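One chain, subunit A, appears in both complexes that follow, with subunit B as partner in the first and subunit C in the second.
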Partner chain A sequence: MSYLKLSSLKKTYPNGVTAVKDIDLEIEKGEFVVLLGPSGCGKTTTLRMLAGLEEVTEGSIVLDGKDITHLPPRQRDISMIFQSYAVWPHMTVAENIAYPLKLRKMDKRAIASKVEEVAKICKIVDYLDRYPAQLSGGQRQRVAVARALAVNSKLSLMDEPLSNLDAKLRVSVRTFLKEIHRNTGATTIFVTHDQAEAMALADRIVVMNEGRVEQVGSTREIYNECGSLFTAQFMGTPPANIQKVALASSRGRLVAAAGGGEGAMPLDLGDRSAFPGMEGLIGNEVFLAVRPENIAIGEPDGVNEASIEIVEPQGAYTILVTRVLGGEWKIMLEGDVDFRIGQKVSLKIDPGKVMFYDAQSTKRISLS
Partner chain B sequence: MSARRGKLWSRTVFLLILVTVAGVVLLPILYFLTISFASNYEAYQFPAKILPTFSYPARLRYNADTENYTLLLKKGADFEAVKTTSDASDFSLYCKSQLNVLISPPAVQTLFDRAKASDQAVPIKLRKDFFRNYVVFFILAEGTMRALFNSLKAAGWTILISLVLGGVTGYILARYKFRFSTTFSTSLLVVRMFPAVALSLPLVVYIMRMNLYDTPFALAIVYSVPNIALTAWITSSIFKGISVELEEAAMVFGATRLKTLRTITLPLAFPAIVASSLYAFLAAWNDSITALIMTNDNPTLALLVYRTVGSSTIPNLPAAGAVVLLIPSLVFTFIIKNYINQLWGKVAL
Partner chain C sequence: MHVSRRSFFKSPVWFLVPVVVYYAAFWIRPTISVIIESFTDKSGAFAFSNYVRLFSQEAIRTAFLNTVLFTIGSAILQFVLAFALALWLNRKFRFSNLVLFITLIPMAFPPAAVGILWKTGLYRFGWINSFLCALGLMNPANPVDWMSFRNLNAVMLLIIVDTWTVLPSVMIILLAGLQNFNKEFEEAGWVFGANKFQTLKDIVFPIMKPTIITAMILRMIAAVQVWLIAVMIFGYNVVPFLVERIAYNVDVITFAKYARKDAYTISVIVAAIVLISVSMYLRVSGDKQKGGEIT
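For the complex of A and B:
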């Protein structure tokens, strides 16, 4: 029996919009799970249903053996960090942290020591007597974290808590949150649309799209073994290069020809032995997905030749834009490499990292 | 250098405008205050004085031929004869009624004797009973204290009714979207367009049926009608400014809806509540027309002042009444002013 179980969870708003369609999810105690997806995918609605801030239309939520589907928020034993931090402006930092504890009828001395304790962890001891308006965004965020930390709840919810911070702060708070999770081991559900955040924080990522779960897995699985075309398109900066192709076999090699067939050069994917179980697909139309970093560049040798159209240096890596099979493909190379625009190169694709998706269902075609 | 001169220029212009505005606002108030302290004699003088006086530079002359005394008051560079009498109590009465000077007949007699001993007009000092008009107002306008309490009761009820009904309406308008919600909030203002008389005349029938006629509570009902709408507008804009997440956070962390309202929403809306109650107070406090229609034996203070104005030909007594009326609302406004821009940690939200 898992710690938190969502069964066929569904949410339809009074105006008829269905934000969440049938979500099943099981989460173990102490896990850090990230709900990831584009805006409008239902991740926040799911979180709000968990918090009890949104009425559940269908399905059930069981937390630690107790059905909390229709309980009001205060009876669920949860804590939450909001996107706007939701630090109460008319209370000092100390009062903010103490408020939930007072509601839990803790005695004064215990509250004071708890406030002290979490303030130390969150490094806000010096600000305890200040009002939120006197704090910076990052400090307010720490107050929100401290408040959530103090209640020691069964489930910790975070609704895009980093999205209001500037880019630099976001990375440091991210590390801070991970550190706190490592120390407390609190079961956490974190909602974000930022994949870098998701990959950095999550034990498991739940990729969501249009109110459904696309894929659940570790960062590695989600990134390298995208279960659906959506995930492949969504994950990665830049995302995977995707092209609708017809597969063919030519002199022992697997070749992909552009679906449109507008005279573009077919792409040599590698020796057929690198693609076991592909026999049935020869001649079929599939979606081909290759991550930018899984393509290497060599001197032009007549195979997979392309010319470089755009060079985007990023310091630690360089992104090259080329035209492959009539589409724009991005290639990511380590380091600050020097290429000229218009230069002819040969593309070397790592056969083990190529992903195929069914042209109709857009589900992954697994190679056995 | 020129930048500095430009700064000096703008400062000068700014100061001039400030002084002008202050003059336009403050001078009439000052004049009004002076009038409220003026005696009947002073009220008829021209040009009128800007600042109130405390005593009269006066002379008393003994007229040997007619065996009576003449009181001379300073007017410009000269002295003007204002009263000639031989009777000490007649003189005393004149001082009291026309000059607001309290002086007993024996004291007058002493002055008479001094004047008689001298062959010239002797300088005498007539000290004004400064608050005479206010004393007279409270004596003349019978039941002033009761009227004051009626006014306070009516204002209190108006604040309560407006805040409860208007506040709830404001909260609903801010938090829930429903069909015609904008139409509804606009139509609230239509209520304010009706003149008070138009509202009170039909309402008086119902008030009578409810056995509430001639009570401050009935007045409060009428005053509340336009104020509920205003309160709803003021509070809804503040409630809209209070992030829903603040309320949700409280509920997630263990508060009931009521507790959230009490400890989060209402404290944050406090400035709006205070501003609305100020409006409600002023509306109730300053009205005399509705009170004229809706009361009989229990007038409000404003109505009482209004009646005094009607029965007096000299402006000094009504002015005193108006100042009496003004003081509580000034006090209320100044107390409440501190809360209108409520800041936590001295930083604007």
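For the complex of A and C:
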């Protein structure tokens, strides 16, 4: 039996909007799980149902063998880090950390030593007597983390805790949160719409879309083995290049032709032997997805020729925009490479990294 | 220090001149005249005689007591009711906007209309008694004559009428404060182990304190100055209040020997009471503002 189990969880608001349609999820003790998805996908609603801040319409939540579906928040033994930090402005940093412990009827000595302990971990010992208004955003964030750490709860919830920080601080707090998790091993559920955050932090990522779980897996699985077209489109900066194509075979090669056939050059995907089990699909329409970094570039040799339309240097890598099968494709090359606009090149697609999706169900077609 | 002529005439301080002139002419000058009048006798010599004469009047002592009772009673009642109403309306239920609109209606009535409205209810055969009889709370054979109420009972009655009138204005300030209140402060309270009451007491009230103070000060200033409702319902000289005494001296016994002097002197006393009570309230409830953002 898993540590935390969500069974057919559903949430419909009084105004008739169904934010969460049907969530089944099992989480093991000590896992760091990230709920990832675009805004409106139901990830925050799911977290708030776990916290008890949102009434569950249907389904159940079982934490450590106890059904908490309809318990008020204070009886659930959880802690939470809020998007706005929710560090109480009328209490000092020390009082903020101590208040939940007072409510748990801990004695004064124990509270004082606990406050000191978590303040040390979060490096806020110097600010214990200050009020939140006297702290920067990053420091307030640390207070919120310290307060959550101090209660030693069964489940730690985080609702986009990094979204109010500037880009630089976000990366350093991210590392800090991961370090804390490594040291405490607290079961954590983290909500975000930022895939970089999700990939950096998660043991497992739960990709959500329109109130449903789209895919669950490790960062590697979610990124390289996208189970659905949605995940392929959502993950990656820039995301995978996606095109509806008709598959054909030509002289032992697998070829993709643009749907509708507006005269765009067909794309040579590679030798047919690289795509075992695709025979049945030849002649069918499928979605083709190729990540920008899985395309290499060579001198024009008559195969997959394209001209470069835009060059976006990023320092560590360069993004090239070309036209493939009538659509805009992005190619990501390592380093700061020099290309002219209008330059002709040949695209070399890594056959092992090409993903196909069913045209109707948009689910992955796995190669045998 | 040398200040060039140019910068002297270009100083932005000049923009304040109209305000200073206005306050000097229409505010400071009359205030000073009233204070001087209250501390001089008929011949114009400095004296405490006005105060001595006033405090020897039974009606003034009653007026003082009534005013204090009215201020404390209405402040407490209105705060409790207004906060409860604001908390309820802030929950955004289905018809909350309609309810908000209905609760704001009394604010639209001028005091004279409020007086008439309630007066028609307070007679032996008025709507209040009819209402109570309809609810079965009163024996129709034995109605209460509310208009015969005097002293403490009359003050209580006026507190209820005043509460009906001004509750919306207190409520709307508190509601505005609650709407600016970051819901996550409250939710953090619940998540970290506080029940609803503890969250209200330890988190919502303290964070709302600036708003509560504003609403209460405005109410206290208005409560100390109560008079029109008392006069509209009971007439002059029945339930004396301090400001009612001013109006009585100026309006009713205009040509009595000390009418003007008495009116000036009571004005000074009322102003002093307002200043003292507000500063005491600030000291008791305000301590230090944490200077934090509320949201």
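Throughout what follows, the second predicted complex is superposed on the first by the 368 of 368 C-alpha atoms of A that agree within 3 Å, B and C clash if a C-alpha of one lies under 4 Å from a C-alpha of the other, contacts with A are read in each partner's own complex, and residues count from 1 in each chain.
Keep in mind that, in the parts below, contacts are C-beta pairs under 8 Å (C-beta built on N, C-alpha and C of every residue); 3 or more make two chains touch, one makes a residue touch a chain.
Fair warning: this is a prediction, and the values are worked out from it, not measured in the lab.
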Subunit A as common anchor, with subunit B and subunit C clashing or fitting: clash
Touched partner set for A:R130, first subunit B, second subunit C, both or neither: first
First (subunit B), second (subunit C), both or neither touched by A:G52: both
First (subunit B), second (subunit C), both or neither touched by A:M278: neither
Colliding stretch - subunit B into subunit C, listed as 9-17, 63-71, 81-89 or 117-125: 9-17
Residues on subunit A lying within both footprints (that of subunit B and that of subunit C): 51-53, 72-74, 78-80, 82-84, 86, 88-90, 99-100, 103-104, 131-133, 147, 151, 157
Residues of subunit C defined as touching subunit A within the complex: 94, 182, 184-185, 187-195, 198, 202-203, 206-207, 209, 290-294
List of subunit A residues in touch with subunit C within their complex: 14, 51-53, 72-74, 78-80, 82-84, 86, 88-90, 99-100, 103-104, 131-133, 147, 151, 157
Contacting residues of subunit B [partner subunit A, same complex]: 243, 245-246, 248-256, 259, 263-264, 267-268, 343-345, 347-349
Complex interface listing, subunit A residues touching subunit B: 51-53, 72-74, 78-80, 82-84, 86, 88-92, 99-100, 103-104, 130-134, 147, 151, 157
